[in-house]
Structure formats: structure tokens, C-alpha cells
Amino acid sequence: MTLTVSVQHQLGDFTLDARFEAPAGVTVLIGPSGAGKTTLVNTVAGLLHPRQGRIVVDDWVLLDTQAGRVLPPHKRRLGYVFQGARLFPHMSVRQNLLYGRWFAPRTARGESLDRVVDLLGIAHLLARRPGALSGGERQRVAIGRALLASPRLILADEPLTALDEARKAEILPYFERLRDEVSVPILYVSHSLSEVARLATTVVAMKDGQVAAVGSPDAILGDVAVVGARHAASVLNARVVAHHGDGLSELATGAGPLFLPHIHEVPGATIRVRIAARDVILSRERPHGLSALNILPGVIADIRTGHGPGALVTLTIGDERLTARITQRSVRDMGLEPGQPCHAVLKSVAVAPEDVGTGRID
Amino acid sequence: MADFLGPDAWLAVLLSLRVSFWAVLVSLPLGILVAHALARWSFPGKQVLNGLVHLPLVLPPVVTGYLLLVTFGRRGPVGQFLDTWFGIVLSFRWTGAALAAAVMAFPLMVRAIRLSIEAVDPRLEAAASTLGAGRAWVFVTVTLPLILPGIIAGAILAFAKAMGEFGATITFVSNIPGETRTIPSAIHALLQAPGGDSAAARLVIVALVIAMAALVLAELVSRRVARRVSGA
Amino acid sequence: PSHRVRANETLTVFAAASLGSALDAVADAWSAESGVSVTLSFAGSAALARQIQHGAPADLFISASTEWMDAVEQSGDLQADTRRDILGNRLVLIAHDSDAPQLTIDSGLDLAALLGDGRLAMAMTDSVPAGIYGQQALRTLGQWDAVTPRVAQSDNVRAALAFVAQGEAPLGIVYATDARIEDDVTVIGTFPAESHAPIVYPAAITAQSRSRAAHAFLDFLGSRTAAGIWNAAGFSVLD
Amino acid sequence: MADFLGPDAWLAVLLSLRVSFWAVLVSLPLGILVAHALARWSFPGKQVLNGLVHLPLVLPPVVTGYLLLVTFGRRGPVGQFLDTWFGIVLSFRWTGAALAAAVMAFPLMVRAIRLSIEAVDPRLEAAASTLGAGRAWVFVTVTLPLILPGIIAGAILAFAKAMGEFGATITFVSNIPGETRTIPSAIHALLQAPGGDSAAARLVIVALVIAMAALVLAELVSRRVARRVSGA
Amino acid sequence: MTLTVSVQHQLGDFTLDARFEAPAGVTVLIGPSGAGKTTLVNTVAGLLHPRQGRIVVDDWVLLDTQAGRVLPPHKRRLGYVFQGARLFPHMSVRQNLLYGRWFAPRTARGESLDRVVDLLGIAHLLARRPGALSGGERQRVAIGRALLASPRLILADEPLTALDEARKAEILPYFERLRDEVSVPILYVSHSLSEVARLATTVVAMKDGQVAAVGSPDAILGDVAVVGARHAASVLNARVVAHHGDGLSELATGAGPLFLPHIHEVPGATIRVRIAARDVILSRERPHGLSALNILPGVIADIRTGHGPGALVTLTIGDERLTARITQRSVRDMGLEPGQPCHAVLKSVAVAPEDVGTGRID
């Protein structure tokens, strides 16, 4: 299942000219404010008719201006979480949530209201009208409304921005589940790189109405040109091996075993772990007596430096590559050079739950 | 009440209520449709439709009444058609009075509804469409509830106008007691004769009481609906 | 008596709407003769009478009924001794059918039968003069009770005529003068003058008028020149 | 134009324009005030005010005209007061015709404006107040521009109504050529006389053309303003 | 200059009952969605009249229900950045920005339009109407509008949520400057702990309409009960000593010298640095050959454990306290106990620019 998007459109001075192709899963759109993310999502939703374009989900043609085919929004079977919730003011929260149900075909077995309400923590709001909800409450109802429409395509425009960390951490896994179990394709706009790392199957970086880069989260998050050196990260595929009594989970990765704080997946599950380059410490010798539990021996594959004081050092460890961001001063002091053996030191707790997602990346 | 007024005037009151009620009820769907068309669609002849709707406002009522007579009268093209095919006769019937009232009130109704349609945030309608609602469903489930205050305002304006309509009614369907003699016709008749003032005044008071009751009711309903619609 | 008139004076005349274009012509004729311009305000007698009672700047009032003139006189808004009946009129029965047979209108007439289930168009029978006279005539002729349920009343002549002209009502009762307005109606009979109170148009000068021309114009209304115009319009000139 | 109509009718057209124009212009500020009061304030007697505003709609125009005559006539209390203190005479002047037209059109104007006031998001007004704007400034800088489409709609409705007003005008200020004989009065007079039909028809056409022009103009302005107001 | 707030109000089922007192500077409101943050800010703005309450800025009484004093909003000289921008749709962006100017007294020398526009990157939008702005653009205009009103009190309700990291990083220093140079009191709602660390003079944590905790960012961010163990952090006062040629800045702190990536402050400037507990590694011995540049010797003051696999170990280093979050397994393996000497290892690059703010905390 692939998502093919190719649209050209003019809005005042702003030109949208974006093309990309993404495999099944979550396609995350990133880019600075005003880059055209919302505009692009709107064309996929059918709310904006681009001058020229073609949008195909698998074999299902949503738009093909050349063939003169334009599917109206209500036939696209969408669940669109808008930037700015757009709740129906004249309906109760419950009615808002169930609105899409009405129109979904009976056969589409969607989520149950109870489950979604529970997940979003909005049970106490069901009878309320949306007018006086708080910003975050509103946003959660909007997410619920989209999810409950039994969509064949989910569009989510910064769905979690108005929420606090705790709430985000509760809702993110739900999107993962949609991606992995229900396999609904998701087009997701985000400013948060940890959301990108966890969710994305494909990342589309936009700039000035154009697609600046497309790739796997590993490629894009490691791409300094896209995310900036400070946010560079590696994404490792991992398998849950065991949960230990002291609350740590043991993972097997191509780079060796990894100990992380408890991960809510059964042993055997495939997960992915984002490791921010700034969280990795390097050591020529194997260090002893450190509180950091994960020490992975590898070989320096590559050292990149830029304008700043930092350097990105990529190690090959087993089958994987892991990038560390350290100071150029350390590179010099330690005499690091490509080809040399080196140890990567990683704290267990440096990997936050928001950095651990389910599903492999390729 | 009937005592205060005398039986004839009482008849006029009942008739006016019936005429105004049906005038509003029957024209409301059309009013909503036309208001929607004017507010949201674009089609050739839109300005003509707009003009047509306002016609009864601009023309002296007598002229409107005359045009109604020519069109919907027994020998008028539409009148004949209605008579032959549906057995509907409007001339000299209370139904004709209702038609006259509806036509005269139509511009007020349409404008009120149109204004509220224009105030509906199209992004909400777009949101509904992404959730699977087609045009008609969007209208019924989102637009319509949101414009309810405007519909109520339009209906009450139309009702008030219908209660007060005189010129077009008497010209179109005459002034037949129990059939087409509405309150204004009765008042007018009373005022034409010297000394009819006090009887006329009584009728005026009744008209006012009815209109006031309708207004207050509409105000209450409308405020309630507006609160619902504002989502608080 | 003849009155001297200053030119550049203007005269405001409040006149019943049914006098219409005939009065226009009379006023034009007089203006040409006297140099005084005449402003004519046409409306229903009731409205005009009330306006005069509330200080309207009218010099002359010509009513279509004695009742409203009486009312104005009683409220003290007329100059003493200026009132006179200037015109008379007749009631006619009109039909939509152009080839309807002419009738003699007397107590032998079965108006109800002629109407069938059609309506009889009249002005309002308890307020508009034409309607009041019509009702009197029908009573006198013993027709009223039979036709009452079939009467369609309108508030002015024009509307009554339109009903007949459109074939909405097969028959109608209007003034002889009104019948001339509309080409699509046929006069099929004239009511006997004695079947109703005399139809007269009284005129009088208002109490607040300071115009000397008013007297001259009032005189002119009964002049021979005027009579020609009145007669052509179907009025009878009284003196 | 004057040729097509003849000088008298032409006079009526000019007069109608003048009367309608001033009727709308002068009543507009009051209309906005009343609409605002009804939409946003709460005060004792609000329902009475609401009823009063709708009165001219409910009453037969003749009654309204009569009440105006009794109140604003040369011998009426207000009429006398205005005359003695300000030298303003309304009765049988075009100003009186404008008053009658304004009164008759007032409910339409108020309702249209009120609906748009009710559609203004109070959060925007709150935002303005946090930025230092007092009540009056909030109204002028935020509310007023946002309700401009409603004001235009109200004004055009009122103008159309004023152009068509007949019953109250003729009852209040009679039918004096050049002073109070507006288009509808002229049409009425023409219809009473033999041979007046075609002249009346010509006047009807002129009235229609004017109304249409006003409508189209209002539509254009209003659409433009609405676009501005929607912020796109 | 202090901000005293004490309000009680009922909205449907929700009860607001909040009291706190905060010194001059930025008071940051934190708390989960629906805690009553916006409601509280609205009472300060005068948009909500609480049943009972008293709000005083310095000696300036904005509200005192007991004394019957209620200052209307337009007399409070506010700059309120709303949650959801509330731009005036009928005005251009420029007119929106200048709206508050109109009403500000001439004498109040505020910011210049050019400067604010530049800072916010909205120069190209000035002639546009706000209707078609993107979410982030809208938010930036709203910020500008509030700042340009020459306010005596700034209220900002999640002003930066809709923005990308880069943009945030540009705007945050501006709020710092307002706090430090212009000394306008600021009441700031945020979900981001790094914003809290950088900006806050005082943190007010809300929950269910009540104030759960008030204190310095150091106290609150280190308070596991408030922020959760994963987000625990220390905030150190520091002085810029020198900028080195390799792009690193040397700081003097009560805990010893610290090397961080270049900090845009002149030598001598007082700054504050948030150090996330999860970024600190502990070592019994002084480690050698690590890429981490900062190794601070101290003594273990305190070890706290909770439900999870982690432990918070607080060291006393010189005059400061620094908290590290490590696994309980490491605590056991390393045999850590209060009173023992221990080294804190901290990577330079682990401290992101968003964690470095200006101004001391007390």
C-alpha cells in the first residue's frame, strides 16, 4: 500500500509544488511554519482542489486532474484531525465523537467509543458542549472524532501539540497501533522529532511549498541538512528479549544487547528505538564503573564537522550504525579517526519512552 | 375575548392566525432553500433571483396583489394550472390570503436566514464532509442547526409581516368575512367609516398582543437555541 | 360671486382618489385661466378627512362621501357656508363577459342566480362609499340577503374592477365613472337612482385656508368649462 | 428618463429616492444602536423595546400612518414640540414621508443588523478589550467592521421597503406632488383614473430598475466586505 | 514587584480555587490539560469575573471583590497572547500588530514594529489578512500584537506551541529580554519544561483548578511529584567566563567549570542552565578517555527510588546540587550510598540551547 502525492497549486504568493511517494504506514510531514504542510494535507482531504495533481492511495485514485477525477471529501473515508479542532459547537462531545459513525459503512468495524474515550481521558466531558472545553480537551475530542470515523486514511495535523507530555505519551502508542495492527495509512504533521522517530515509516520534509527530502526516519533524522546537527539521531531496530525484575527491558539489536527502562511490549516484539546523537558518549577504552549500562564496541565509520563546536561521529556496531554528537575538542583530545575501534556509551534512561516505538523501519 | 371583540372581529383574528401560520410554515422550506442558494451557490441568474425575492418589498402592495391576481387568479396561468391539475383554488380563499402574506413576507424571511448562513464557518462544514457527510447531510446536520436562530428570526419576522399584511391581500383575495378578512382588513374597513375608531383600536390591541406573544416566544426559543449553538 | 385672484398663489386641494384624472383636467383648465397653480393630493376620503382634522395644509376638500365631510364639518375644520355638493354619480353593474346581455335593474332581478357560484365584486360595504351605496341599492331591490355570502369586497375601486376584469368575479358594482377606467369590463345595467341615497361629492374650503383662490376654484368646479370635463368622465354636475 | 415618465412621475421618482435615502441614512445609527441593545445588552423593558420595533410590521400600515399623524402631526404632541422648539415640521412634508418610510423599514433594518451582531465572536471583542480598547472603541474597531455586511443588508432592505412604502405614508402625509407623492403613491393615484395603467406600469418599471440597481450594488459591496471580514 | 493572585470561581462542574504570590519576572503556569491554566489567566485579564478574588500587581489592584473593585480589561494595560490566536479577521496583519498601539499612552515607549516583525519573521505577511495564515504564522502575529501593545503585564497562554523548534529558539530569548531588561511581569502558560527552565522566575503548578505547588524552577523541576521522574532536572546558575576558539563556552558555576556549546552571552553574563537528570552519568572513579568534557566531583547527598526502574541520585558539588537519573541496577552494581564521593559526567552537547537561559534564579 503506497501513498502517491503530486500536487501543484497557487495560493496568493504561495506556491505548493510537492511530489512524493510513501509506502504503507505513517508518513510524517515536517517543516517550518508556513512550509505548506497543512495545505498539502488539505489537498489530500479534498478540501482544496489543486490546479494540477494526482493523489493515489494504493490503487484508489482520490484525485487525478488529468483524468478529471476528483473524489469529494465525503467519499474519501477520512479521519482528519485538524490543526485547530473544528468541533461542532451545536453537538455534545459525544455527538461530535460519533458523527463520523453515521456515515461509515456498517461493515467497517471501527474502534469502540468506550475505548477511544478511555484512551483520551474524555469520559467526563461526554455530555458537555465543546464551547467551554480547554484547548487540550478540545484537541483530544478532535482526535477521537477522527479515529471513530472508521477511516481508510487518517490525516492528523499536529494532533498532539496542545497536549502535555503525559497525555502525549498516552496517545502516541495508539497511533502506532493503528499503523501496525489496523494498517490504516496515516499522514501526520508534526514539529516534534521524537514523534517523527516513533511514528514515521516515511518522513517528508517540506520547505517553501516543496518537498526538501523524503526518506526513512533513520535517514532523515540523521540528515543534518534537514534536522540540524543538534537533533541528529539514529533509529535502531530491536527485538524485546526479556523483562528483568528491576524494571529494565533487554533488547537485542544489530549493535548488540541494549538495556532500557521497561518497554510495554511482549518479549519477541519488534520495536524501534531513537537514540539521539547528543545522548551518546564515546570512549576509546571500555569504561568501567559508570552508571551507564549500555556500552557497545564498534568502529568509527565517519566523522562529520560543521560550523558549530560539535562533530557527528558515526560508528559501525555490528549490523547497525550509531551516531554520536560530541565536541570537536573531544575528537581532537581523543584523537578519533575513521577506522579506529571505539565504544559507544549510552544511558538506559536517556532513551525516553517517547523515543521507543513499535514496528521496524527499513 | 370574543366578547371584547364581537364575533366578526373574532373571526378575523382566528383567520389571521391561520393565514399567518400557514404562510410561514409553507414558505419556510423554500425560504431556506433560496437563502442558501443566494448565500452559497453561484449560478447564472442569481441576481435575478435576488431581485425577484425582493420584489414584494419594493412594489406597492397593491401592485403585488394585482400581479398575484393576474398570475394566481382563476384565469391566471398558474391559477388555472393549479386548479386543473391539483384542484387548488386560491382566489377568494384563505389559502390565497396565505399566499399573499407569504409572498409579502418572503424577502424578510430570506434575508434573515441568508445572513445566518453567511455567518456559518465553512470550516465546520468542511470538517463534516471529511467525516463522510455529503452535501445534503452537511446541510442537515451542521448548517441547519447552526442557522436555527436565523430561521427563527426569519420566521418570526415573516409571521409578524403576515399578521400585518393588508394591501396585497385585499387586492388579491378581497375581504370576505371568515374567508379572507384578516385583522388588517377588518381594521382597515373599520377605519374607513367615521366612528369606527374604537372597534379598530380593540382589534389593534389584539393584533399587538398576538404579535408580542409571538415575539417573546421567539426570543426565548431563539436565545435557547443560540446558547446551544454557541456550544457553551 | 366672482373672486379676485392673485397670480403665483398656490392652492392645495385634497380630493377623493376616485375623482382622479377628471379633476386633474379641471385643475389644469383653471390654472391656465387664473395663473394659480393647483396641487392635488389624491387619497381615500377617510385618510384625507383625518389629515384635515390634524391640520393638513389643504385649502379645499372634495370628499367622495357626505359622511366624511360631515365629520370634518363637525370638528370645525371647514369654513362656514362654503360646503356644497358639486358632483353626482351613478352605480352600475359590470360584467366580465363582453357579450353579456344588458339588464334592467329592478326588484325583479335575480342577481344571485346570475352569479351562480361566482362572486360579486364591490367596494367595502360598510366603509367605502361605493360599497355603502351598493349595499343600500341591493337592499332596496331585495337582493342583498341572497347575495351577501357571495360578495367580495375590496378597499378601492381599482381592486373591484380588477376582479371583474380578470374574470375572477363575473359581476361587480362600481360607479359609472369607474367603469370607464377598465376596458375589460362591460356595463350591463345602471342602478335606479332612487334605490340608494343620492351619490354626491361635497366640496368645502377648510377652516385654516387663507387662500382667496380657493373660492374661485370652488366656483370653477361648477362652471361650464368644468362641467364638460366632468360629464365626459361620467359624472353628473349638481348645482 | 423624464421623457419616458413625464414630469410628474419623474418628480415622484426623485422624491422617492430622496425620501428613501434619508429615511435609511438617518435611521441607520439608531437601528445599529437598537440592534446592539437587543443583541447584547440586558435591561428591563428589553422585550417592550423589541415589541415596539416590530410594531410597524404587525400593524396595518394605515394604523401606523394614523398613529404617526396623531403623534407627529401639526397638532400631535411630538409634532407640536418639534415645531415650537426646533422649527421642524414633518406633517405633509417630504421629511414626514421619510419618517413614515423609516418607521416602516425599521424592523427590517434592526433584525438584519441584530443577526450579524449575534454572529460576531465575542472572543474577538474580548481580545480587543485586553489590548486597551474600551467598550466604545471595541464597538467601533471590531464589532462595527465585522457587522458591516449585516448593516449593508439591513440598509438595503430598509431602502427597498422605503421605496415601496405606501399605506403609512399616504395616511400620514397625504399624497402631495413634489412633496409627499412618492412612487407608490403616484402609482396608486394613476391606477384610480382611466388610462393611468400604462403610466403606472412605467413607474413600476422604474421602481424595479432602481431597486435592482440598489440590490446589485449592495450585493457587490457586501460580498467585498464579507471577503474582507472573513479575513481571507 | 509581586503578582498576588487569589481567585475562586465555579464554571459548571469545574472549580477554580487558586492562590499564589510570585515575585517580579516570569511566572510560568504548568499543569495537565484542563487544570485551569487558561481560566486563571482569564481572570487576571479581567475577561472572567471570579466569584471572589483579589489580583494585585505590585500595588496596582486589578481586582478586589471584597473592596468591590474590578478594573475592566482595557484598563489593565495587558498584552495577552491567547491560546488560539484570536486575530482580527477584518484587519491586515500590520493593523493587527498595531492595534494595541492606538490605546497605549504615548509615554509608554514600547517596542518598534520593525524589531518585533523581524524577530517573529513575519515581514512578508504584513499586508496579508489573517484568514489564510498558517497555524504558526497566526501564532506569531498574535505574539507580536501582544508585545506591541506596550503592556504593563504580559499574559501568554502557550504562545509557542504551534511553532517549530527553530522558531521557538528565536522567540524565547525575546521573552527573557522582556523579563530582564524591560522588567514587564509575565504570566506564561507552558507545557514545555525547557521553556519553564529558561524563562521561569516562579513556577506555579496547577492541578484540578488548584495550585499544587509554587516555587523556583529549580525546586519545581526537581520535584518528582510535580514533573515526574523522567523530567527531573537541576537548574544551575552560571557565569560566562570565556568563549573558546573551538566554539565552546566556559562557564563558572558553583559546581565547578562547565564547558558548553557556544552561548550567546558576553563574558561576565549571568545565565542559568537546565541539566536534565537523565543526561547525567555517574562514576565512582574519575573516568578517563571519555568524549564527555564535563566531569564534576561531588558527594552523594540523596538517593530516591520510585515505582520505575530509575533512581534519582542527587550530588552535592561545591555550592550546587545536581541530580542524576540512573537505573536502580546501576545504583546496586556501583554500590552507591549517600555520603560517598562520586563523579558526575555531563556531555557538553547534551545541554541544548533551549536549556540555557539568561538571568539568575534564586
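Letters A, B, C, D and E mark the chains as written, and numbering starts fresh at 1 in each.
Definition applied: a residue touches a chain if its C-beta (ideal position, glycine included) is under 8 Å from a C-beta of that chain, and two chains touch if they have at least 3 such contacts.
Since this is a predicted model, take the numbers as computed values, not measurements.
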Set of chains whose contacts include both chain E and chain C: D
Distance in touch steps, counted as few as possible, from chain A out to chain D: 2
Most distant chain from chain B by Cα centroid: E
Far-end chain from chain D, centres as C-alpha averages: A
Separation of mean Cα positions, chain B and chain A [Å, integer]: 57
Averaged-CA centre spacing for the pair chain D and chain B, given as whole angstrom: 20
Chain C and chain D: spacing of chain centres that average the CA atoms, whole Å: 34
Whole-Å separation of chain centres (CA-atom averages), chain A against chain E: 26
For chain A, residues that touch 2 or more chains besides their own: 132
Multi-chain contact residues (two or more partners), chain B: 62, 188, 191
Sequence positions of chain C contacting 2 or more other chains: 156, 158
Those chain pairs that satisfy the touch definition: A-B, A-E, B-C, B-D, C-D, D-E
Partner chain A, residues of chain E touching it in the complex: 11-13, 31-34, 37-39, 83-84, 124, 128, 132, 134-137, 139-140, 157-158, 161-167, 191, 193, 228, 230-231, 244, 246-248, 259, 261-262, 278-279, 281-285, 287-293, 308-310, 313, 324-332, 334, 345, 347-350, 352-353
Footprint of chain B on chain C - complex, ascending: 44, 46, 49, 67-68, 70-71, 119, 121, 124, 126-128, 151-156, 158-159, 162-163, 166-168
In the complex, chain E residues that touch chain D: 45-47, 72-74, 76-80, 82, 86-91, 99-100, 102-104, 129-132, 145-146, 149, 155
Complex contact set, residues of chain C against chain D: 12, 14, 17-18, 20-22, 24, 39-43, 47-48, 50-51, 54-57, 156-158, 180-181, 233
Residue numbers on chain D that touch chain E, as the complex places them: 123-124, 126-135, 137-138, 141-142, 145-146, 228-232
